[in-house]
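Should a chain be cited, it is by its letter among A, B, C, D and E, assigned in written order, with residues numbered from 1 in that chain.
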Amino acid sequence: MAAITIPAAEDIVGPTPGQRLRKRIIGHRGVMIGAVILAIIVLMALLAPLLAPHDPYTQNLGNRIVPPVWTDGGSWVHPLGTDGLGRDYLSRLMYGAQISLFIGFATALISGVIGTVMGVAAGYFGGRVDLVVTFLITCRLSMPVILVSLAVVALVGSSLTVVVMVLGVLLWDRYAVVMRSATMQVRSLDYVAAASAAGCSTWRILVSEILPNVMNPLIVVATLEVAHAVLLEAALSFLGLGVQPPLPSWGLMISEGKDYLLFEAWLITIPGICLFALLLAINLLGDGVRDVTAPENRS
Amino acid sequence: GKADDTLNIAWDVEVPNANMYFDTSRNGVIIAHHVWDALVWRDPATGDFKPALATAWNVVNDKTIELEIRQGVKFHNGDPMTADDVVYTYNYLAQPDNGILNRNFSNWIAKAEKVGDNKVRITAKDTTPLMMLYITELGIYPEKYYKEVGPDGMGLKPVGTGPYKITAVEPGKRLEFEAFADYYDSPKGKPSIKKIVQRTIPEMNTQVVELASGRLDWIWRVPQDQAERLEKSGRVQIINADTFRVGYLALNAAGGPEDSPLRKQKVRQAINHAIDVEGIVKNLVRGSSQVIHSACYPEQFGCTDDVKKYPYDPAKAKALLAEAGYPNGFNTTLYAYRDRPQNEAMLSNLAAVGIKADLRYGQYAATRDALRKGEVPIASLTWGSNSVPDVDAILPIFFGGLPDDLAKDTEVQGWLKDAASTLDQDKRKALYKQALQKIAEQAYWVPTFTYTTNYAISNTLDFKPTADEIPRFWTAKWK
Amino acid sequence: MLIYTLKRLVVALLVALTISLISFGLLYLSGDPATTIAGESANQAAIEAIREQYGFNRPLYEQYFAWVGRALQGDFGTSFYFKVPVTDLIFERLPVTLGLGLSAIAFAIVLSIPLGVLAARYPNSIVDRLALTISVMGQAMPSFWFALLLIMVFSFMYPLLPSSGSETWVHFIMPTVVLGYYATPAIMRLTRTGMLEVLGADYIRTARAKGLRPRVVLFKHALRNAIIPVVSLSAVQLGFMLGGSIVVETIFALHGTGYLAWESIRRYDLPTVQAILLVFSLIYIVLTFLADLLNAWLDPRIRVG
Amino acid sequence: MADTTIPPVLETRDLHCTFQVRQGMFKPKKPLHAVNGISLKVHKGEVLGLVGESGCGKSTFARILLGLQKPTQGDVLIDGQATSAFTRKQIARRIQPIFQDPYSSLNPRKTIGTIITLPLSVHGVGDPASWRGTVERMMDLCGLPKRVYDSYPNQLSGGQRQRVAIARALVMQPEVVICDEPTSALDVSVQSQILNLLQDLRAELGLTYVLISHNLAVVEHMATSVAVMYLGRIVEQADTDTLYHAPKHPYTEALLASVLTPEPGKGVPDAQLGATFPNPINPPPGCTFHTRCPKAMDVCRKVAPRPLIVDGAEVECHLHDDSIRSAA
Amino acid sequence: MAALLEVENLRVDIPLGAGDLHAVRGISFQVDRGETLCIVGESGCGKSLTSLSLMDLLPPKARRSADRLAFDGIDLAKVAPSAMSDIRGNRMAMIFQEPMTSLNPAYTIGNQLEEALLRHRNVSGREARERAVHLLEKVGITGAASRLGQYPHQLSGGLRQRVMIAMALMCGPELILADEPTTALDVTIQAQILHLMIELQKEFGMGMILITHDLGIVARVADKVAVMYAGQIVESGTVNEVFENPMHPYTQGLLRCIPVPGKTRRGEPLGSIPGIVPSLIGEMKGCAFANRCPYTFEACLTTDVPLFETGSNPNAGRGYRCLLSEQQCIENAKEVA
């Protein structure tokens, strides 16, 4: 009974975590839909200078409020018509994508850094650090973001930078909350104890043991916060305190289209739908990533 | 609606209270005109002064006027209106520490005294050319009641002698007016509509929807595009009416950094040439808005169009800029607080001649603060002259050396001062003309256009607006 | 329990203090409010007088401590704009906002909990898809846009509902839907995941092993446990609605605190803005406290130590 | 026992560790004495088995030995030197852990190679180029194929993961290895592999083990001496034969009686300990075991027993305290 | 007379993305009243799914099939779900592994105990309460009446498991399924609980299926044993036969792995089974144990091995699933000892 080949038991090596994740992402409908929409929007934003049929800032007061091509009076010169100052709506939408995406990502980056540092510190060190961070979170949560950002923007004066900074400084709460609990969970795991017992410095433990393992929730929160920031900027713009014209953010376009709601509804519906699609895509993506990385989905 | 003889109107701003001397807003002025009568009434159509609570008057000298007070007029609470009430009101207004906000019409008063049973003498601090005009704006308060309830009480339960009395005040939310049954035989005429209910609705779309669905009868300040389309829908009537408000770009000609391009006359003139006011008015503002060339509302006393004009001419603008040493233009900032589309249009006009301006869009107060600190290169502003039909309500404020004076032109300041201290109307006119010509020549401003207001009213309502932006509901009727 | 309440009180006080400091610094550092109060046509003298009258020319910290001192006695000062005590102003308008918030959260709960439960009970079914769609849409729809669309459809094209005012409950339908829809996704999701988790729990298997009817298992054993985090979330969402009410109240012309806050910001009515920020944060803290109590009551592990 | 002139590799002196725990949201915090005065000596080459019920403080004790938890009182000495004078890094060179759960003790984001290399890179041993060789030798020693060097933990079976954990613990060649229930998460067939490996490595590398386990059969098989823990204290300690053949403490007796060996027909013994496990926050007065002790006397309810040496075993029980018995 | 529970060729399949997971692959056994069957095997071999499939409590996506699945003559494979739920908890009861999580934290144990009786019997609340107190006393809980108002989190693990036992007994079931009832407990408590279960089973004359991975427990508790490996029963028989004459290489291997105080020599290497359990996903050919078996020969890799019946008493169900001859097996076993 010697010369037979038995597959070595140890040979059963499954896919790496990365491979499995990729496979699950590909298999997840929400993620794919979200990713495709988002990719289209991002492409639109990046390629705006090449694709846009007109300059988004060139006005033509004699050619105001041209309806989109599919309605009476529309033409292919301005496929989505023109706005109240005769600017090409499609071109503005494309450049608007740049602004809205920039706001979303820049804000998420700023607040992400603040929130993650706070959350990880609280979760890892516990004790007084945790008390302070929890207190700050409570303070932050008890102030309505929109109210505070309105106040600040109204007082400081609104501009792209101000909006991004203000939202960035305000939207860290969810990061902090999620990172705190994720860190607490990871921190109690044995591999952290093992690293500690191996003599790793606190810094090294935080960076190489904790951070990589709280990445999943971090990504989920980050995507959702991008959506949150875009939405808030739209609300600020709606109330007249978002980015400054002639920069075309989608929120601002909705706000400008507001005056035409009842009679030229497309002026508000088109950017509204774009914004909706963007938020939908980001949310689908975020939810999907949450699903895909959720522990109950491991099998 | 017509059915319940109630006129439902909406404003977009909250009315803090109904005490006319403690509210400087447009709405306060409107309320004041309905609830309080002044001694004299100025006919908005002709500009003539007519007897109201005073039956006759006599200008004694430069600073003094005597008035005969009408008999048998009742306040809304039933008390009779007497000369004592008049004296009390004027003296109250003359007190520096009374806390009232609306001082423009009252800070000329030195004192008032009773000089006969029904005769009152009012003395001014200085020569006051517009004294009569101011008197028409000062409603008479009931002495007894006001002493009793104070300013706050007055704000919540106002009492006057006007054609409408206020029956309910919910600060910021709604006001209810009722036609005053005992209204005297005033030149204003008796009110026709029984009740007026005012509500605050901040969102214009909501206002329009409420109007279209019959829950409102009267709204105003409807954007031009929306107004045109509403009119076309036939659901409501639209009236486009003039106002005293004019728009302008204030150029910081004297302040700012030493090398500020705006200190150069040529640059300012270039800006004047660069802006296509005509195009903006024709395509964007529309209605009956007119292009203006001087720093005042054309119908105001003292206003003249006989000044240097700057037709739209980008090429010339560029040439002027080049002459001034800015062949490639320059970067600057444009402050603005309303009418975003118009400002964006001007921004693009400026950009076309090489002036790249950032738009700093903010609150009025913030803009004005910055302006007074000299931080603002160009501000896009408007001025409504408090509905006063005289350039005295505009020129001294912006060119008379007050904080809003960016030109700081001592010559102009001198002329304006002279004009303010004489009662000789021709002389005033000449002085104002001189000032306006210099202002235009120096291009301290870019005067743009007059503002108009769109009133949207229900088809059953008969309403005539006036240029001073004071709707007079006592003249409104159901059709 | 007493100690716990006291601790929460101290935290609440500290939060209030921090927030008052933030709001104070924020608002006062940003410029001179006197110009605003004076209004468009005021002259320099009037502005000076106001500056003097309100004490804007005193050092900031002095103003702050004076303010805190008065606030501790329940006096938040007088509204620059309305010239009435801010406290009166806020309490007059709070009922509208709270009413709106409560009806909105009720709407959200009524919509999302049954859907969440069904979605968890029948994962990947049509109900689940529907619930998912509703929640994803809710997350992606800017509330002002939604509000305007509702007005366009239900007040303008088909005039069924009033678009402004707060006289009757009919006036609250659209605002409630808009505001409530905003909170729906979060609550529905939490219900769904909570239910999914609970349905997979060992004690549910135990209940089924006892032969209990599916209905009893679902509602008595599962929902009771899944609902606990939902309670907290609902309270938090109600707190968030205070912020959301700004937009909704503005559009539907509801004269609540949210709209007051926004208008006060525009009018530089600093005492009002400060007081509202403070009141909002206190409401939030009270809400979370109540949620904790309710949780404790629902969860014997907390109630019975 | 061992040569007294050489200090034990590991010694604890009156070690205490108290946590402040909250029982309910509305309750104030109360002290929980997880480790309540443990004095132990472990000599070089020994295997000390530590047994006791769940929650009696075994893991806490292990964490203190590893320097992961600060004791509230008392000292840990390595080779006679107090560890309070050491940095964590210095402790790490001498004492290494093996944890119970091979699933949570490996960072899922790192490859096996990185995980085992970690101690080397932390301590900067040798030049980085040599690390891979060292690690592969260690892997080989622990029965891991070289192929898994670049694999991730989730690609390995439980037994293999535990081997990785062992390799990581041993790559720095520590003196003492603390094994906290190293096999209780594993199936029997794998458990025996790991136990054999631990035995082999001990012989090869001259290691000293502290082996924590609730499986008395495993402890008997592995340990040279055994300590029995109850509610934060060592109630009996002796070398393995003595303890298993002549248990002194009633708790040790009960534990031994409860061991179910695969011998059919013997039935299940009734250890006659009550059903209630005392709450560690409110430990019973006197001897903490008296509530469950079938041989409890009056004195046990009031007076805590003192440590005694009886027939080569250290035991804390009034039954063996002559002075008390004669008084009774 | 037929046995209380008869299972023939029970299969449980779970469809997964990568293919079907054949968790239980055709197992057969019988349990009679008053008899204890122990199912033993390593983690993941399908023990829990077997017991859950008997109770019809499988996870929604799992599929069950069997040639025969009869409880007291009732064909469980055919009864309606509602009829099944009438049997469940009533005539068949189950005790789970995790006492910490198997009780609903939101309700008092009294409530949870009474609920079972109120569901199946037409009794008043008071009667249910009395029965609950009676059973709590029976399982050795002191102060039973006062315990009814307590919540699960107020009880220790051992007590909770006693409550679980009492709950299973509420309706006086004829068959008890216990899935690793003591794995989460300390050794001393484990002994107590097992002791208790045996006593109660004797007293009530119930049939019992006890699932465990601990051979020690099997040896002490079982009447009959079924050793499972990779979803199949690889060896079965009475407890004495299996422990004294293990036939299957797997059983032999398992027994060699365990240190036994006094028998195994301290410090000597233990026996071990190399390798790991094969994946149960997809079709499997040959003997599932082939890749770990020291006696594997070519046929093992290709032939599906049936369960060979053996032994003197056919009712004892002695059988083993190995291609080696009986003689060979016995010799191998001797080597072990």
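Brief remarks follow.
Simple rule for what comes next: a contact is a pair of C-beta atoms (placed from the backbone, for glycine too) under 8 Å apart; a residue touches a chain by one contact, two chains touch by 3 or more.
Since we're looking at a predicted model, the values are computed, not measured.
Contact with chain B and chain C alike is made by A. Ranked by distance of CA centroids from chain E, the top chain is B. When every chain is reduced to the mean of its CA atoms, the largest separation from chain D belongs to B. Chain A and chain B have Cα centroids lying 46 Å from one another. Between the CA-based centres of chain C and chain E the separation comes to 53 Å, rounded to the whole angstrom.
In whole angstrom, the spacing between the mean C-alpha positions of chain D and chain E is 32. Residue positions of chain E touching 2 or more other chains, listed in rising order: 274, 276. Multi-chain contact residues, meaning those touching two or more other chains, occur in chain A at positions 10, 12, 154-155, 258, 261-262. Counting only residues that touch two or more partner chains, chain D has 157.
Taken in their complex, chain D has these residues touching chain E: 53-54, 157, 159, 187-193, 195-196, 199-200, 214-218, 220-222, 240, 244, 254-255, 257-271, 273-277. Contacts from chain C toward chain B in the complex involve residues 31-33, 35-36, 38-46, 53, 79, 81-84, 89, 148, 151-152, 155-156, 159, 162-165, 250-253, 255, 259-260, 263, 266, 268. Of all the residues in chain B, the ones that touch chain A in their complex are 204-205, 208-209, 212, 223, 225-226, 229-230, 233, 279-280, 282-284, 340-341, 343-345, 347-348, 351, 358-363, 366. On chain C, the positions that touch chain E within their shared complex are 201-203, 205-213, 216, 221, 224-225, 298-301, 304. On chain A, the positions that touch chain C within their shared complex are 135, 138-139, 141-148, 150-152, 154-156, 227, 231, 234-235, 238-239, 251, 254, 258, 261-262, 265, 268, 272, 275-277, 279-280, 283-284, 287, 296.
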